[in-house]
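Input: structures, listed below.
Shared between the two complexes below is chain A, which pairs with chain B and chain C, respectively.
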Partner chain A sequence: MANENRKIVDSRGTACPGPITDLSLAYRKSKVGDVIELWATDPGVKSDTKAWAEKTGNKIESVTEDKEKIVIVIRIVRR
Partner chain B sequence: MSGKLSIIMFSGTADKFIPLGVLAQAAAAMDMEVNVFVTGFALMGFSKEKKDLPFPVEFQSMAPALMQGMKKNKVAPWYDMLKQAKKLGAHVYACSMMSGVMGMDKKSFNELVDDIVGAATFLQKAEGGQTLFI
Partner chain C sequence: MAKKNLLIIGSGDGGTILANSIDKSMYNVTLIDKSDKHVFQPQYLYIAFQGSKDTMVRDEKSLLKKGVTFVKKEVSRIDLNERKVYTTKGKPHSYDKLVVATGVTSDISMIPGMQEINSKYGDYHTNIAQAQKVWSNLNSFKGGTIVIGQSYPICKCPPSPLEGIFLAEELMHRKGLRKKTKFVFFTPYPRAYPAEGINEVIEPLLKERGIEVMPFFNIDRIDPAKKTIYSIEGDSVKYDLPIIVPPPKGMNIEYNPDSVRNDDRLVYVDKFNLKIKGFDDAFAIGDGAAVPTAKSGVDAHLEAKTVARILEGKDAKFNGRTNCPFDTGYGRGTFVIGSYDEKVIKYPVTHMNLFMKHMMAKIYWESLKGEFDSVFDIYFKETEPSRLEKKYGTGKE
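This part shows the complex of A and B:
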């Protein structure tokens, strides 16, 4: 989708539950179909985002990791 | 909103306020209903007169290292975490009986406290969800 609404949420450097909170704040402003790209460094973010997505009924599209950050792409399918 | 977390905050030592902040904020971020019932010595953490909460005697020697580690890892203070949880929809209630025992009323509490309620009110709010005692 060329014109999808993609938002980067940079939560690098925050400790748990910072990343999940930043994701939640972005989620509250989002619309169905939006994509949120969450950047974080707290290792708990991977399982926490999975739990968050299951709880809120949204979809994790990818989880990638390099030396600097963990990037999780979440598609908002339920608001 | 799905699911519900209720926390009975009883302890009045600084270390126990960390999980209060973390779990309240995490649950609120999970779109859960969050209710915190403050009672006992924990009420001191919600007083308008800002006093540093004590550490338990057995962990006192470790407190400086813990605080330093928290700062280094940018862990937010419990107060900020609970404030963030409230922005996301959490509620904080002070126990009416213990407030009375400690000579505290609505004017004694800081901005975090929404209301002073009795035990039955809290139990009704907590019904059907997860409840933690800290």
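This part shows the complex of A and C:
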């Protein structure tokens, strides 16, 4: 795991169009094997990321939530 | 106290509003731009889809208040460490305070095949000539598939891709070509409009008008020979007439340090005070700044007002407020209203909202000089998302 290309995408407190823009942008610039760690505050990000992962065939490794943020870890397995 | 030198780069609405707003007893204001023409860019939509002959261009100097020095030069390098701005000709400009308001340009080189279709079919985000090309292609269109969408997750004026397809559908209906025309709208987002509140308002309209939506469609490449657009998600769509929103990119200006920009050449700023990351004397506003809100004139306007207040030593904070007018065709419209912390409102589609959109265009030139500031203050207060939410809601979670 030491060599994995992990990118934090901080999408907390973003106005319209919101976190899905940042995920979409990170996906465009990613390669197979990359890990995207998406930080957001908008709860809609969970269902959007789930739908995105189903559509693109990529893998959500974890979804964690605390008072400050929602963290979704995504592994890019298909591009 | 001696006056300080404020240098503003870029004379779009953000730069012009800031230059006009700032207290001239505190600053010598220099506004620098390679062009001395000011274009009202939202008009591209009406040139492209309604054939408007009014291009809405004015001489920048006629829009500036007394006390602003306009310099027509092209900026090539911004040295934030040395506080110097270099131009392609003449001596560099020094400053005490700097505001970068350079906007974005279209970068069609990012997508294979885009160059060919962009030069053939035009677009309505780059310039007047490109928008006129869209109109001419729509006019000679006799039926087939019209495909409209944004080619990149970042988009100048987020409602504009949908405004385009709504107006194109209305046009074909009026020309009696609706039955011969299929409309496809693609988007990199999970739904037609990324913010749920507005999506719930416009989705029924898309259905009612028979416009097909392809979500999660990030353009990978375009094959002009096969007239097909492919997405990185593995989908494809065939077109007869493609009208594709080009990817925006920050201006090609060298920065020291280079680390103040991201790979889309947008300048990193603090989203509340708009200071360029790591600098206390330099700000970036408008489309060219990496602010997590819509790239729109309203935001450039509100950011300019925030920076003016900060430079005058007053308390001010930009809250990410959006207020993007959205023409949904057939004489009606809505607004995309939200902020960093407030979700986009499920704001209804009405004739009055479209009237407001057109009124804002009518008062644009005077508003650059601050002549409608008191009206805008009332408007923004009355339409605060927290107030509207009680009445209209923000759509489902």
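Just so we're on the same page, the second predicted complex is superposed on the first by the 76 of 79 C-alpha atoms of A that agree within 3 Å, B and C clash if a C-alpha of one lies under 4 Å from a C-alpha of the other, contacts with A are read in each partner's own complex, and residues count from 1 in each chain.
Criterion: contacts are C-beta pairs under 8 Å (C-beta built on N, C-alpha and C of every residue); 3 or more make two chains touch, one makes a residue touch a chain.
Worth saying up front: this structure is predicted, and the values here are computed from it rather than measured.
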| Does the superposition put A:Lys29 against chain B (first), chain C (second), both, or neither? | second
| task | Considering only touches as defined above, state whether A:Arg79 meets chain B (first), chain C (second), both or neither. | result | second
| request: Specify the partner with more touching residues on chain A, choosing between chain B and chain C. | output: C
| A:Ser11 contacts which: chain B (first), chain C (second), both, neither? | second
| query | Should A:Trp52 be classified as contacting the first partner (chain B), the second (chain C), both, or neither? | reply | both
| Thinking of the overlay built on chain A, is A:Ile20 touched by chain B (first), by chain C (second), by both, or by neither? | both
| So, does A:Pro43 touch the first partner chain B, the second partner chain C, both, or neither? | second
| Set intersection of chain A contacts, chain C complex versus chain B complex | 13-18, 20-21, 24-25, 48, 51-52, 55-56
| note | Note: in the complex, chain B contacts chain A through residues 2-3, 22, 25-26, 28-32, 73-76, 81, 84, 88
| Which positions of chain C touch chain A when the two form their complex? | 152-155, 158, 188-190, 194-196, 198, 215-216, 218, 232-233, 263, 271, 292-294, 320-322, 324, 336, 338-341, 343-344, 397
| In their complex, what parts of chain A are in touch with chain B? | 13-18, 20-21, 23-25, 48, 51-52, 55-56
| field | Residue numbers on chain A that touch chain C, as the complex places them | value | 11, 13-18, 20-22, 24-25, 27-29, 42-44, 47-48, 51-52, 55-56, 79
